[in-house]
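Dropping the structures in below, format is structure tokens.
Look for subunit A in each of the two complexes below; its partner is subunit B in the first and subunit C in the second.
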Partner chain A sequence: MRLYFGRKLFIYALTFFVAVTIDWMIPRFMPGNPILNVMARIGASINPIAAQAMYTYYQHVFGFDLPIWQQYLNFWSALIHGNLGISIYMFPTPVANVLKSAVPYDIFLLVPSILLSWYAGNKFGAYAARSKWLDNTISPLGYVLTATPYMWLGIILAWLFGIKLGWFPIAGAYSFNVAPSLSWPFILNLLHHWFLPFASLFLVGFGGQAIGMRNMIIYELEADYSHYLEALGAPKGLIRRYAFNNAVLPQITGLALSLGVVVAGALVTEVVFSYPGIGYLLLAAIQNQDYFLIQGCFLFIIIGVLLANFVIDIMYVIIDPRTRRGMMGEMA
Partner chain B sequence: MNKSAAKNELLYFALRNRKLQIGLGIVLLFVVLAIFGPLLTRNDPFAYANPLGAQPPSPEYWFGTTFFGQDVFSQFVFGLRATFVVGLIGGGLGTLLGILVGFTSGYRGGWLDEILNIFTNIVLVIPTLAVLLIIAAYLKVRSIPIECLFIGLTSWPWTARAIRAQTFSLRTRDFVDTARMSGMKANKIIFTEIAPNMMSYLVMAFILQFGGAILTAATLDFIGLGPTNAISLGLMMQVAVLWGALQLGSWWWFIPPGLAITAIVGALYVMNVGLDEVFNPKLREM
Partner chain C sequence: MKRLSILLSVLVLLSVLMAACQPAPATPETVVQTQLVPQTQIVKETQIVTVAPAETTYPRNETIYVSGAAWGPASTWNPFQPGSLANTTGTLGFVYETLFDYDPLKGELIPWLAESGKWTNDTTYDVTLRQGLTWSDGQPLTADDVKFTFELGSKYNALWFAPLWRYLTGVTAVDATHVSFAFKDPLYQEWTNYLYNLPIVPKHLWENRTEEDITTGANEKPIGSGAYLYETNAEDRNIWIRNENWWGIPVFGKPAPKRIVDIRFSSNNVALGAVIKGDIDLSNNFLPGVATLVQQGYIKTYFSKPPYMLSANTAVLFLNTTKKPMDDPKFRRALAFAIDVPSIVTVAYANLVKAASPTGLLPTMSKYDDQQVLAKLGYSFDTAKAKQMLAAAGYKDIDKDGFVEAPDGSKIALEVTCPFGWTDWMAAIDIIAKSAQAAGINIKAATPDYGAWNTALMGGTFDMTLNNWATMSNTPWTLYNLFFRHPIQDQMQSGNFGRYQNQQMFDLVDALAKVKDTDEAGMKAACSKIQELMLTEMPMIPLWYNGLWAQWNESTWTNWPNENSTNPTLPTTWSGYWQMGGLMTLINLKPVPPAQ
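So, the complex of A and B:
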């Protein structure tokens, strides 16, 4: 078990290292000068002396005036101290603080939608594999949902339920006229704003999971052990249960692999609903060419995905006894 | 059974597979629209054609006009072209890289496999979009070919992993051993012995990459990092949302682009299941 986790942690640490290196490298080796972009954005009209001072200032902030290896080491040391630079869009708030205030919204949106869509998708996928009628309704629906671009589903939901029917608000995390507090009116208000973005993430995820489960079960029911049980006269329910248990494992791996797509989906969904998570910040950062904020968003996304992957690895070990035994025995 | 008979059998099942028929039909419909649609429109997709601004569909403007009076149909058909280009080139590049890494890793094994595997796992864990957006954010001028390139360079890992696993299972088979003993070179064994035996797998991987590239491009475009010098379906949705198409009720502006993406990608997925049934006799519905 220690070896298994050791290996996983090694990969994640390496991934983090590579991600940070990419984060550091891109502004330095891309064509174009980020400092000039920032300055053009702040205003070309300022006088040349001020412009020169500003250029030197940014040169210093980015650390471009140092040797390259020094820049790289400084980047790491700043990172370890939680210093991600100052946001230009929300000047003079440090990027780390801007991101910290956005992350709870992402967790609030992503965790329930991932877990529920996984659970419901697997349930319905298993039903679909069982009956012709359900297969003919759930499967096409699943294919349509999983092929839907997240933002389009968000747009359609916002238009139908937000504008046409007026049931849900379509912007922000809570109304401006309620003050954040731990009271029922505020929580209800929060949930009211949360529902549509959650629903669009849930629906797309549900489609993918249902299709995946349905196909896995069909494969499992064709496997030798299923036929053998059938030949022995085992009840159908028992065979299905075995098939389900075996099909759930690849679905967990699949969940880990789909995290990147789900996170990307959350980013655009937040843009549609002006939901103040990282996606919404990112759009603002891109439009304002706030490079520190973009870099910070990138790092937060990576850290989030790595943590989620690790949680899934632990889950896998708990659920699959073979991994536990295998890891202690022959599989090194 | 000889080779041509086997091919005929596949063709027989392919032509009779409902899922394949429906999926292929929808994709072809949009391909035709992307090729010939631009010939049916007189308006430049960016030109402010209609002085009245946002207008619902009419005989003159089939899909209506945007807030700025641009012809939505014209934007839509040119956007479709961009979508297929991204799918074909971005998805194609992703598949190609996945095949190269997967074959090398799976057939060679050893330390090369170990390194490639670690590399694949790293790229697999890093969310594609996160890397794409940080690259795109620093590029002032972006074009569709550049977008394809980046999508292809980041989307290959899962294909590589799947192909590696398949190659592993094939490389110890008797016919591969025979080829190796006859002194065939590794490259030749991979491309004449192993690849043909997993052709169906490769085709299906390409279809999934095609669909994935389209969705990734739409996401990038929507977040404001799409091509700066061309129109695309994702860009249409971005502009529509930014300029209040929802509040103004201009449904003709934001429904067609998303609907087209959903239809194309969904049709590709259904096609894939159909192909799976054609290639894998166990799954055929009797």
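So, the complex of A and C:
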């Protein structure tokens, strides 16, 4: 057991180091120069002498005047001290603050939609696999939902429920006419704005999960062990339970991974519903070559994915007897 | 699993609430807020949420909702961050004020903090401040503050106005309301520009700040002298509240909206929906196809007919004069005739813009267009003429592929660029490429990523590209200074991207900068020399005027400026435009009386 986790942890540490290094390198390989983008936003309002002085100044502020290896070492030493640097695009806001103010919206939006669509999708998928009636209704719906371009679905929802019926607002995380306060009306306001983007993500996720689960169950029910059990005269419920236990394994992996990348935000949702979050900022950061903000976002994505994998490793030991047995054999 | 997910959702919900509640409003109402704080805490501790504190809702008829100025979350309130760096509109104009404002429609300076200002001799400019100016913390605004602000430029090179000190030699605070500026060989045209662009900051709050704080500090919770105060901000909004003690209320009148909520929508169609519904009052976003909605009466614009919008800046095709064949003035002139500007206006913009004068000057500056030069050297779309000019200059299609080759026989294959995602410009460069191809010039449209495009622009590695950085200004010098920035440096960060090198032209532009701005005849003479040389050499091609995008809904606020107004001001919320009439627009607004 200790050997198993020890080896895993070593691999995770190595992966983290390599991934973070790549994360540091990739933005710097992009064509272009972030300080020139800053200068472009200043525009023509300053004369060339001032432009030159400012350019040099910003180069220095961000440490771009140092040799590249020095920048890399500085990056690690800052990271170890918990310093993610200062955003170039949102200068002079520290990256940590940018993330802190934007990421909660994504978690608020994505975590419930991922969990609920996973739960409901798998439930329905599993039912659909053994009910002709459900399979003929839910499954086509699932296909339509997953095949619909999300942008389009979002716009349709916003148009129908936001503009046509006027049930839900079409922009913002809370009304533009309220100041945040810890009060029921404000919480309701927040939920009211949250519902439509949430529903759109839920629908799409639901379709995908339901179809995945349905196909998986059908596959498992057709597997040799199911037929063997059937031949032995085992009750249908037992076979289904075995099939479900096997079918849910890849779904759990998928769930953990999609939770791991929550920090990347949901760009399209944010655009369609004008909902705040990190997705839009990450896009702006990439367009403006904000090295530090890109790094910061991806750092959390790396950590998220690694954590998710680690949790899956532990989960598998618990839920999959084969893994458990493998480890035993290893120890013997 | 289900219970787990519910638990998680609750946790997440709570975390968002905490995050959302963080930016508590910092306003004159703070007094009320602080009283409420213990109450909220009790509620939190005991977990009994019984009576929530009165929700802060902004009354609709006292609030104006605007969009189109911010493109990201606000990050700085430093008034010395030029251009659109701050992602927030209003730091300059609402909070910090300038000595003068400028009305581009009338072309005159409006005394603002200054009561008057004049050149007492060729090298001395005297400013008299108004009586009774105050900062929003109650301290008086005096000549010392003005002196302090200008002198920051002599101390710190990284401030945008530092180069003013090339010809400014000293600032003297004569008494509390009189400031005297001494110059050596002043650039009169540029000085006037500083007068309405340099925000005055309070000495008593800024004198102990470090260089870093002054040049790039975020200056949170800014204290200024202006009509509005910073109230709060969130990722997608900036909120300003009226300064009831503003010194300007007796002079200019009280701005009608008590609050300004400046919203950043992440896509233009959301802004469009909101302005049609009347959820926002003024949208300064570029909304393609808005003409139809104006005709159907959903929303209003400055003009009721094309081009609907005032012209804000000139879209110019910069040609890289260091590359062949753009180094040949004959080729450049032929290209100017080959570009189908009428289609750009009608197709790419659906009539929301106007074709530009070949001189590049905005309609507000049209008195500086030399009509004789234009008659002789102007250009207009004419494919046949372009072909003829190319042939006369030795550009012939030798290999019969439909495109001309250079006089030395080498093939021509050029790219016209703009950043990916700038949809109106992408449509425009397509038209440029197609119409040039029709005249036999092999030009293809390309849309690199913004960063790559920008690096090519400043580093001079592009073939030809669009730019529109010369905005409304008090002087034609602003435009020609952008066109003919000199000297040519490694990185051309603020103009002359095509690296056009011509000392004669540089001298002409410098001469214009030194004409007194009261000497209109002198300015005209200097401009016509520049225009004659420019249109002969054609180092860049002015194509059309981008609009001052503005569409509004009159369900809550009326009396917006339009073509019939007796005293029109600019209907815009863009950064840098508040002191060019944007604030006067707010002052002139009238609330719609509630329906009976």
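The criterion applied here is as follows: the second predicted complex is superposed on the first by the 233 of 332 C-alpha atoms of A that agree within 3 Å, B and C clash if a C-alpha of one lies under 4 Å from a C-alpha of the other, contacts with A are read in each partner's own complex, and residues count from 1 in each chain.
Simple rule for what comes next: contacts are C-beta pairs under 8 Å (C-beta built on N, C-alpha and C of every residue); 3 or more make two chains touch, one makes a residue touch a chain.
Small disclaimer: the values here were computed from a predicted structure and weren't measured.
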item	value
Per-residue touch tally on subunit A - higher for subunit B or for subunit C	C
Contacts of A:298 with subunit B and subunit C, given as first, second, both or neither	first
Partner chain(s) touched by A:156 [first = subunit B, second = subunit C, both, neither]	first
Touched partner set for A:111, first subunit B, second subunit C, both or neither	second
Contacts of A:174 with subunit B and subunit C, given as first, second, both or neither	second
Partner chain in contact with A:186 - subunit B first, subunit C second, else both or neither	second
Which of subunit B and subunit C A:89 touches, first, second, both or neither	second
Subunit B versus subunit C as contact partner of A:232, first or second or both or neither	neither
First, second, both or neither for A:272, with subunit B first and subunit C second	both
Contacts of A:54 with subunit B and subunit C, given as first, second, both or neither	second
Where subunit A meets both subunit C and subunit B, residue numbers	30-32, 34, 37, 155, 162-163, 170, 271-272, 287, 289
Residue ranges of subunit B in contact with subunit A within the complex	118, 121-122, 124-131, 133-135, 137-140, 158, 211, 215-216, 218-219, 222-225, 234, 237, 240-241, 246-247, 249, 251, 254-255, 257-259, 261-266, 268-270, 273, 282-283
In the complex with subunit B, residue positions of subunit A that touch it	11-12, 14-15, 18-19, 22-23, 26-27, 30-32, 34, 37, 143-144, 146-153, 155-156, 158-159, 162-163, 170, 211, 215, 218, 222, 257, 259-261, 263-265, 267-268, 271-272, 279, 282-283, 285-287, 289, 291, 294-295, 297-298, 301-302, 305-306, 309
For the subunit A and subunit C complex, residues of the former touching the latter	30-34, 36-55, 57, 61, 87, 89-93, 98, 100-102, 104-105, 107-108, 111-112, 115-116, 119, 155, 162-163, 170-174, 176-187, 190-191, 270-276, 280-281, 284, 287-289
Residues of subunit C that touch subunit A when the two form their complex	1-2, 4-5, 8-9, 12-13, 15-25, 40, 43-44, 49, 52-53, 55-58, 60, 63, 65, 71-73, 75-76, 82-85, 87, 157-163, 166, 190, 197, 215-218, 232, 234-237, 239, 261, 263, 265-267, 269-270, 273-274, 277, 279-280, 421, 448-452, 454-455, 457-459, 469-471, 478, 481-482, 485-487, 489, 491-495, 576
